[in-house]
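Structure below; questions to follow.
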Amino acid sequence: MSLIKQDDRITVDTFLEGIWRENPVFVMMLGMCPVLAVTNSAINALAMGLATTFVLITSSLLVSLFRNLIPSEVRIATYIVIIATFVTIVDYIIQALSQDVYNALGAFIQLIVVNCIILGRAEACASRNKPVKSMVNAAGMGLGFTLALLCLGVVREILGSGSLFGLPLFGEQFQPWVVMVLPPGGFLVLGGWLLFFEWLKTRKQQSLAAEGVTHG
Amino acid sequence: MSSKTSTAMIATLGFVTALSGFLIVTVYQATKPAIEENKRLSIQKTVLEVIKGATADKHFIINDKGELLEAVPGMKGINIYAGYDARGKLMGVAVEGSAQGYSGSVDTIYAYTPACECITGIKVIKQTETPGLGDKVITDKNFVANFDKLEAKVNAAGDALANAIVAVKHGAKHNPWEIDAISGATISSKAIAKGLNGSAQQVLPKVVPLLPTIESKFTSEGAKP
Amino acid sequence: MLALFEKFRKGRFSHGIHPQYHKEATQGKAIKRLAFPPRLIVPVAQHIGAPAKPIVNVGEEVFRGQVIAEADGFMSVPVHAPATGIVKDINLMPSAAGPRMLSIVIDVYQASAQQVLYGEPTEPETLDRKELIRRVQATGMAGLGGAAFPSHVKLQIPTGKTAHTLVVNGCECEPYLTCDHRVMLEQPHELLQGIRYALQITGAEKAIVGIEDNKADAAAAVKAALKPNDPITVQLVETKYPQGAEKMLLKSLLGVEVPAGGLPIDIGIVVNNVGTLAQLGKLLPKGEGLIERVVTITGYNVNMPKAGNYLVPIGTPVRFILEQMGVEADHEKVILGGPMMGMSLASLDVPITKGTSGVLVFQGREFMEGENQEAVFPCIKCGRCVDACPMHLNPAQMAWLAGKRHYAEMESGFHLNSCFECGCCSFVCPSNIPLVQYFRIAKAVNREQKGKA
Amino acid sequence: MSQKHIILRTAPHVKKPQDVPLIMRNVVYALLPIVAFAVYQFGISVLALVIVTTLACLGTERFFNWMGNKPSSLSDWSSTITGILLALTLPPGFPLWMAAVAGIAGIAIGKAVFGGIGYNVFNPALVGRAFVQAAFPVAITTWTPAFFTGRFSEFVPSSLTLPFMMPPETAEWVEQVAVDGFTGATPLALQKFQHITTDPFALYTGTVAGSAGETSALLILVCGMYLVVRKMMNWQIPAWLFVGVIVTSGVLYLINPDKNPDPLFMLFSGGLMLGAMFMASDMVGSPLTPRGVMVYGLLIGSLTVIIRVYGSLSEGIMYAILLGNAATPLIDAWTQPRLFGAKPKGKSA
Amino acid sequence: MGSTESITFIFFNAFLANNFVLAMFLGLCPFLGVSGKLNTAVPMGLATSFVMLVSSVCAYFLNELLVMFNIEYLRLISYIVVIASAVQLVEMTLKKLSPTLFRALGIFLPLITTNCAILGLALFQTFKEYNFMQSLAYALGAGAGFILALLLMAGLRERLDLAKLPSVTQGAALSLILGGLLSLAFMGFAGLGAE
């Protein structure tokens, strides 16, 4: 842990780790509620992802700025207050921008407060690093989260409504798979993605092992 | 725990809370007009859509005493949205209706046209029915056609509808006040009917006598386009 | 509601199975004496408990009935020479259980008259319990039903407990086996004599002989031999496997359940096998040792015209028996004991011991033809094993745990140690899962773990 | 003397002559008359339906065998059962491509991900059916009249819908084939939404609308009895299930005889008989213990009635069985058999 | 305006048809995290539903206050603070009143603060404009639904722990597919309590 503290360099990995290696959804399984609840269309997924990213970055910034002032006894309480502040802000901003998106996401915007990713980032990264670095890291995490949401949203919307970002893809006669926009679809699509990644991983390991045999 | 750290804790918490309070209030104030405008626009859109031929709308509230008031935020009572054409003729009023469907309430806005004493349009504004089946109440053309001209006459006593609005099974509509249900989505259809009936029974007898007043408000006050 | 139902089912235990019994081939054949083999292999541990200690040396001449290994403590019985001959070797020899065991190898004098020259005749009725128990131990008796538990230990009532009933187990529920059936038919007087001695030793007031209803003739023979004032009754019970397990028999006869983890004596009952008591009735007055026993020799899908019940000297190698029967050694499986709980042999040089009730030769499995007989399928959770287990265990659940090596949980959560390996679960399993084998392994691993701790 | 033929195997050395493929094969035999009757009733559309679902199930099973580098498990017949059962629960005119989706989904997410036969927790056929019920709610509630003329030479128009496309409206076609009294609704739906009770005799003999293989309760009962007699099915599951249905619907009927149907109607309508005989009694998803079986049967029976009477769906047996499957591990855990010799009141676990 | 939904409908809807976990995706973290074993799932479910009830009541009165003073924009921040304090309070009371129960539930209580089912419950009851009794029914239904889902999941996972799973489907993917199938099964409850 102390190593992380001393290493102030910002590398590409600071940004990238959130996208792939420590992807909050596919690898760490954090913040599952919004992942499944609002991904029945790509546009909702995108909005949710961006809102979360916004809260991630701003709260990381604030936590990082105050990291030396906050006594450790009350740090969690402080983080929660900070996060709740930005969530409220983002809630109002979305309402001001588009009533439709606000209606679609409903209470799930406010539930960003209890998204473990944000508190986790605050605790693990922002409270130990300088503002810029923690913001870069938070941006990576946020992007990773958004991408994951999109992965689900795109599949669920294409199959479940026959459209993408609201644009019909297959014409009138397409039979949508309603189950995909229903709750079971959320579970099954995420499960499917995880299976797919796991399969990729085992295949990679197998091919590596096979190479090891032929070359070694 | 030393008093120094407690002081620091209180100070930090206080500072953070103050800061967040400041931020929230700032944003709240900054976005408030936009949000209210958004809400108004979306209602207006619905009202103009549901009242055919209307180009301008106006929001009234009927309070507990049965008085018609112009809506001000925070006011309690029954919402009435009036729709006028360009020349200020009252084309109809839009009223909210709500009833319980399969998986939660189905909220609607419907238009009442004084000219024919009937309901001439309906829009579901919130529902959580099963996609593909229950939500046919929005998508099914035959079902929506029910509301082209659905009788909603107030009775002679002026305290209820002459004929209650009911949903009947698909293909069994005989009277102008009946709604032809969607086969396979009977409950959702019934929810719509129940919502309409409940609201119309309560609201229309109050609104009908006030119609001239509502019409007159356009000329005196002017409604936003 | 089920409990209510249970009350109406007196005279039987719940669960269990109905295998094909195949007893016709041997149950009508009188007990005959088998020839002495040229060489006997006599293990020193033919019973549960401490092995006997050899007291003869290689090259020494031994006589039929002579003690060749003496009991090592109370939980042990002596071993007597089954035939007159010369000690060829005292060494580790193959055993039915697998590991090699210390055995005394005797080359039999073919010319010997094979008379029993040793003995300590007495009138048991005149002796006190302590002396009787010493004398029972001296006969080298161990339960002939299969478990080979030293008989004197079983008859000794632990301090603080009393026995009110002696139950005599004449069920012989294992398929194929008929040796106890024949003993009851042919030796009812010896059997009743043994029961009387056992009553005397244990102090029990009455004795009940429990016999399965497929052996009504045996029950009639025993009844006919009863003396008017004998406190002995004969009772028929349902034919069902494992009726011969003592807990099941007590449930059927008396409607009582032996507490889990406990022994029959905990509820004042002593159980002995008919074969054991019949032998005791013979040996105790003469003061002789146990040197031979009745063994059912038969097979499935094997041409064995001489199949039947034979009086076989202890230590006779299986190979010799098969030769005597005229059976080729080229067959799939040879089993010592019954088909449900007996052991299949890896070597034909294994000898008959005090606990061996049968020698079975199997050619092919008793199964429908043309099916894939050995394929094991995953458990389909049909619950048949649960319905079959006479101990009311959950074999399927334990098998899943065994599959993941959660052996400790099998014991702590699912009463693994109450399993007495009757084989009902494996018998009924449509997936051919070797459940009993899993449980044996689990028990062994658990024992080892405890030993380490 | 050679001993190389000796097989070493631990006791017991005898075996009851019944194994998994034999049981499964007999279930298939028991299903065949039901399939035959369904084909007689609805014609070649149902035949095609059975073939498509069975092939989809077998193909998916084989595919996952191949993926996992495992030997083929088709010979245990379990996927065949899944395919046939699935077809029997679908409407006769169900688009074939959707039926294939149901078969694939049933085996893939209902069985293969858990490791194949024996390890699945839900009945695969029902998983497939529930999946398409949620995916294509309209198509799966579109019924076709039985015994229409020309059923052996032409398909129901919706059967041959192109993949991924919406099935055409069948209302006009139904009028063309003109079967008297066909209303396009199942007896259950009629009862639920319009309180019209169907003649019980029609229910027993299958002259009503409904899924392909669920319409003749009597035939299903007889085929189920075959398995019971051959001791290849746990008769206690359907028995307790019927008890659950009769008790629950009996109570409801007594409370309000006008609105709630009587127990006999409940028992013989819809897919209850098929579900009870062939799906609830599926060994893999049902509890092991005798008391567990009782709880399971009663649970499914009462849930079916509750869903039928109070839920939004007219048919509840499928979901009730799936919920019963889901509860099976819990039921098992709470109904461990009482160890022989354990104190009667003592907790068994 | 309030909500017209009946109390029984609210209860059954939150309990079964729109089960908090399986249809609303609330409380997924503990659902996936703590459902591995039955003996941890039971106390976790009980603790969560207890806190749900407490915070639902708190949130109801808090919202009345906020509306009274016209400061709804502080709703989120005050809810989260109140819930966190409520959890603390429950923890302390439990410790004093019933140490046995505390030992059973203790380790789960801190986890509950960040359980979105709690905050979700408070927010949804506010959005749906439930009155006090409706809120109570909602909280009870949601709690019962959470326990039910957790128990079913734990039972299934305990059983699948003993299965020979394909290597790819171990872990989270399997839990999600199980969740999906449960969710599919729970669709059968649709409309229960309606009418």
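Letters A, B, C, D and E name the chains as they come in the text, with residue numbers starting at 1 for each one.
Quick note on the criterion: a residue touches a chain if its C-beta (ideal position, glycine included) is under 8 Å from a C-beta of that chain, and two chains touch if they have at least 3 such contacts.
Not measured: the values here are computed from a predicted model.
Novice: Of the chains shown, whose Cα mean is nearest the mean of all protein Cα atoms?
Specialist: The most central chain, going by mean C-alpha position, is D.
Novice: Compared with subunit E, which chain's mean CA position is the farthest off?
Specialist: Between subunit E and the rest, the longest centre separation is with C.
Novice: Measuring between Cα centroids, what's the chain most distant from subunit A?
Specialist: So the farthest one, by centre of C-alpha atoms, is C.
Novice: Which chains touch each other through the most C-beta pairs?
Specialist: More C-beta pairs are in contact between C-D than between any other chains.
Novice: Per the centroid of Cα atoms for each chain, what is the distance between subunit B and subunit E, given in Å?
Specialist: Subunit B and subunit E have C-alpha centres separated by 32 Å.
Novice: On a C-alpha centroid basis, what's the spacing between subunit C and subunit D, in Å?
Specialist: Inter-chain centre distance comes to 49 Å.
Novice: From the C-alpha centre of subunit A to that of subunit D, how far is it in Å?
Specialist: Inter-chain centre distance comes to 40 Å.
Novice: Counting only Cα atoms for the centres, state how far subunit A is from subunit B in Å.
Specialist: One centre to the other, that is 36 Å.
Novice: What parts of subunit B, by residue number, touch at least two of the other chains?
Specialist: 20, 24, 28, 102, 130, 132, 187
Novice: Could you tell me which residues belong to subunit D and also touch two or more other chains?
Specialist: 109, 113, 115, 118-119, 131, 134, 136-137, 312, 332
Novice: When you check subunit C against every other chain, which residues touch at least two of them?
Specialist: In subunit C, 378 touch at least two other chains.
Novice: Taking the complex as given, what residues does subunit A use to touch subunit E?
Specialist: Answer in residue numbers: 29-30, 32-37, 77, 80-81, 84-85, 87-88, 91-92, 106-107, 110-111, 113-116, 119, 179, 182-188, 190-191, 194-195, 198-199, 202.
Novice: Under the stated contact criterion, what part of subunit E meets subunit A in this complex?
Specialist: Touching subunit A from subunit E are residues 22-29, 32, 73-74, 76-77, 80-81, 84, 114-116, 118-120, 123-124, 127, 167-169, 171-174, 176-177, 179-181, 183-184, 187.
Novice: Would you mind writing out the residues of subunit C in touch with subunit E in their complex?
Specialist: These residues of subunit C touch subunit E: 378, 400-401, 403-404, 406.
Novice: Could you pull out which subunit A residues touch subunit B in their complex?
Specialist: For subunit A paired with subunit B, touching residues are 66, 69-71, 73-74, 77-78, 81-82, 84-86, 88-89, 92-93, 95-100, 103, 160, 176, 178, 181-182.
Novice: State the interface residues of subunit A toward subunit D in the complex, per the touch definition above.
Specialist: 170, 173-175, 177-180, 182, 184-185, 188, 195
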